[in-house]
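So, here come the structures, one by one.
Each of the next two complexes has chain A plus one more chain, namely chain B in the first and chain C in the second.
Up next is the complex of A and B:
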């Protein structure tokens, strides 16, 4: 395969893989509540994930060390273990929410009972993980997730006031409901910068055996892949802002999200939206499941990787199996996936600094990185985002309590 | 053999990944054994691996050591081939009695077709 084609395929998969249930929920609800006024936050979140995924991808390509190795090395055993436990809790919540999202999309497509479809979803994920090679997992789910581009068409068809849309890219506060607005700012940043993305990305770089020669690829992949992934977030928010905001509808179900494409485009819009949601959250389910197993294995020094035979990385294999089983138990209780998503995103925001600070430290360590350590640009952005991350981490829980999860 | 001239034990060695002579990941540097502190000529004599060692690694470490089973494995410094981002060992994990958790867990996995 030519290098260019490979790059293009990788980028397509990254775009389709960007959106998960957290992005779906927060972008659509933000659009329905504040129309286009929060678009600027998505820009900040997307630049943040580009900065840090490029950094952790570079660390992984140069030193072969993924993020959780760096976390333990820099924070030590005790604090590192705290980071591990919190990341596992958030991973499990996110995984369960993604599985619930899959089941809801399947339910709208098939009409079968929700709990049956949860089991179908889990079994399908387990088989996909077991049978498909690493890059095909990324591609199958990434390409399926590209169906979400239907929301871009929908957004245009809904004829938003483009002046208002453009105005949404200017950072602003909301005068009458500042706290609810701030809650959405934090949630959107959390959804865009979810830590499992960097765990998964950096481990994937090690799995694919990237070397310093692939650093160009790393840069393009994170910039274009996440950048265009952010484009999907804009589409979701603009469609929701044009459709739900004027009607005063607050979407509380995955089905309502899909209506954003159904109303302007009819049945084909609905179908594409549901298939896109199914693959996007399904892919994210695998990412979170693997992240959980990667983190555990890396923290304790076990053999790990999809590129290893399952029997050679036996504890890693058991870890993802157990995580899937636990997610099944959590979501089978009947807990609302949308609510679970909100909690997962807000809790992940609190744990953000424990993930991003070690990445920044290691990327600056020349004994680790040689001549590939951070340049000035990466450090300026890295430090700016560190401040952003610390502020949102401190304010996330108080805002969630004060606003009753954005209900005002 | 390449071991760096100067190394910060806390940052450059402790908690790093151990890799055996066949490229297998087989534990982390959980602690270090130092010798010659009294004589004023301290040197690292061994790498220590295993749950009991976590007891000395903070409050959460003590809790983890209490919950986890396993024994301490001592890897003499002479068995270390190279210290880079990972610690490369001269022998296989089996010879050094490392990575035995993966050996034990194998029976849970190897019955599945395609494992």
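Up next is the complex of A and C:
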């Protein structure tokens, strides 16, 4: 297969795989609450995840060490263990929320009982992880997730005021509800800069045997994949802003998200939206599950890798199996996946500095990275986002409490 | 890193204390939020019913999603029924509780007859009117 085709396929998979349940929830609720006024935050979040993942990919390609390997070395065992535990808790919450999202999408498609579909979803994920090779997992779920492009068509069909949409890309505050607005700023940044995507990506770089020769591909993958993935976030927010905001609808369910495509496009829009949601959250569930197992294996020095036979990386295999089982238990308690998603996104923001700072330090260390350490531009962006991440991490939980999770 | 954690915990504790008083009592702002929720459920129910009436949705989707909406509307209705408000807000609370009950019943009917286009059309209009009333009431 030509390099160009490989790249194109990788980018398509990245677009479809960018959106997870956190993006679905926060972008749609933000659009319904503040119409287009928060579009600029998505831009900041997408640039942030590009900066973060490019650094992680580069560190992994040059040093052959993915995120948690570097974290343990830089932070030491004690602090590193703290970072690991917090990341694993957020991973588990996210995984449970994604599984719940899958079951809800399946329920809206089939009408079968929710709890039965949770079990079906978990079994399907376990089979996909066990049977499918890495690139097929990415492609099946990435291409399925591309159905979410229906929201871009829906956004156009809803005839938003494009002047107002353009104005939404200018950073602004909301005078009458500044705290709720700030809560959504934090949530949207958290939804875009989800750490599990970066753990997964950097581990994939090591698994695929990337070397410094592949750093160009690392840059293109990060920039184009996440950049175009952000386009889906814009589409979701614009569709919600054009449809739900004027009607005063406060989205609380996955079905409401799908109505953003159903109203302008009818049954075909509804089906594409539900299938897109199903594959997007299913793919994210697999990424999250792997990320959790990668983190544990890399921190404790176990053999790891999807490309290895299960018996050759038995503890890694056991780890993803246990994570799936725990996610099943969590979501079977009856907890609302949408609410769980909001908690997962907010707590992931709080834990973000624990993994971002070590990676920034390693990427900037020329004794470690040689001539591939951060250049001036990467350092400027790296430091700007360090400040952004610290501010967001400190304010996330107080804002969540003060605004009753954005309810005001 | 530890000092950052301390600051986060302190701010969170203060925020939690600041928001944890209340019980069933609703302030004017809280009542407005509840009425806005009634408006939201009514408007969403109306939009869902419109899809059913115009055959632009699937019966399964209408049946399942209306069940979630009904559960949500029921919670708001119970909250408004049990809420204690100041005397000058009582009439508004009572109107809102009645409206929430109507919305809950209409969405429940949509859930029971997701494939009946005539019923869906009627419910679309009823819920749309209820959304307008809730919007006026919230002002």
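Following the convention adopted for this analysis, the second predicted complex is superposed on the first by the 408 of 408 C-alpha atoms of A that agree within 3 Å, B and C clash if a C-alpha of one lies under 4 Å from a C-alpha of the other, contacts with A are read in each partner's own complex, and residues count from 1 in each chain.
Going forward, a contact is a pair of C-beta atoms (placed from the backbone, for glycine too) under 8 Å apart; a residue touches a chain by one contact, two chains touch by 3 or more.
Since the structure is predicted, the reported quantities are computational estimates derived from the model, not experimental observations.
Peer 1: Superpose on chain A as described above, then tell me if chain B and chain C fit or clash.
Peer 2: fit
Peer 1: Classify the contacts of A:79 with the two partner chains as first (chain B alone), second (chain C alone), both, or neither.
Peer 2: both
Peer 1: Looking at A:65 after the superposition, I want to know if it touches chain B, chain C, both of them or none. Which is it: first, second, both, neither?
Peer 2: A:65 sits against chain B, while chain C stays out of touch.
Peer 1: Scan A:215 for contacts with chain B and chain C and give back first, second, both or neither.
Peer 2: neither
Peer 1: Once the shared chain is lined up, is A:353 touching chain B (first), chain C (second), both, or neither of them?
Peer 2: Only chain C; A:353 stays clear of chain B.
Peer 1: Name the contact category of A:43: first (chain B only), second (chain C only), both, or neither.
Peer 2: neither
Peer 1: Which partner does A:253 contact after superposing on A: first (chain B), second (chain C), both, neither?
Peer 2: second
Peer 1: Scan A:397 for contacts with chain B and chain C and give back first, second, both or neither.
Peer 2: A:397: touches chain C, not chain B.
Peer 1: Note down the smallest distance between any C-alpha of chain B and any C-alpha of chain C in the overlay, whole angstrom.
Peer 2: 13
Peer 1: Which positions of chain A sit in both the chain B and the chain C interface?
Peer 2: 79
Peer 1: Please name which positions on chain A make contact with chain C in the complex.
Peer 2: Against chain C, chain A makes touches at 79, 107-111, 247-250, 252-253, 255-256, 258-259, 262-263, 266-267, 270-271, 274, 350, 353-354, 390, 393-395, 397-398, 401-402, 404, 407-408.
Peer 1: Considering the complex alone, what residue numbers of chain C touch chain A?
Peer 2: Against chain A, chain C makes touches at 1, 4, 7-8, 11-12, 14-16, 18-19, 29, 33, 36-37, 39-40, 43-44, 47-48, 51, 55-58, 60-61, 63-65, 68-69, 72, 131, 135.
Peer 1: Residues of chain B touching chain A in their complex?
Peer 2: 4, 11-12, 14-18, 24-28, 30, 49, 54, 57-61, 64, 84-86, 99, 101-103, 105-106, 108-110, 112, 114-115
Peer 1: Mind pulling up the chain A residues that touch chain B in the complex?
Peer 2: The contact residues of chain A facing chain B are 63-65, 69, 72-74, 76-82, 130-131, 297-304, 309-315, 317-318, 365, 367-368.
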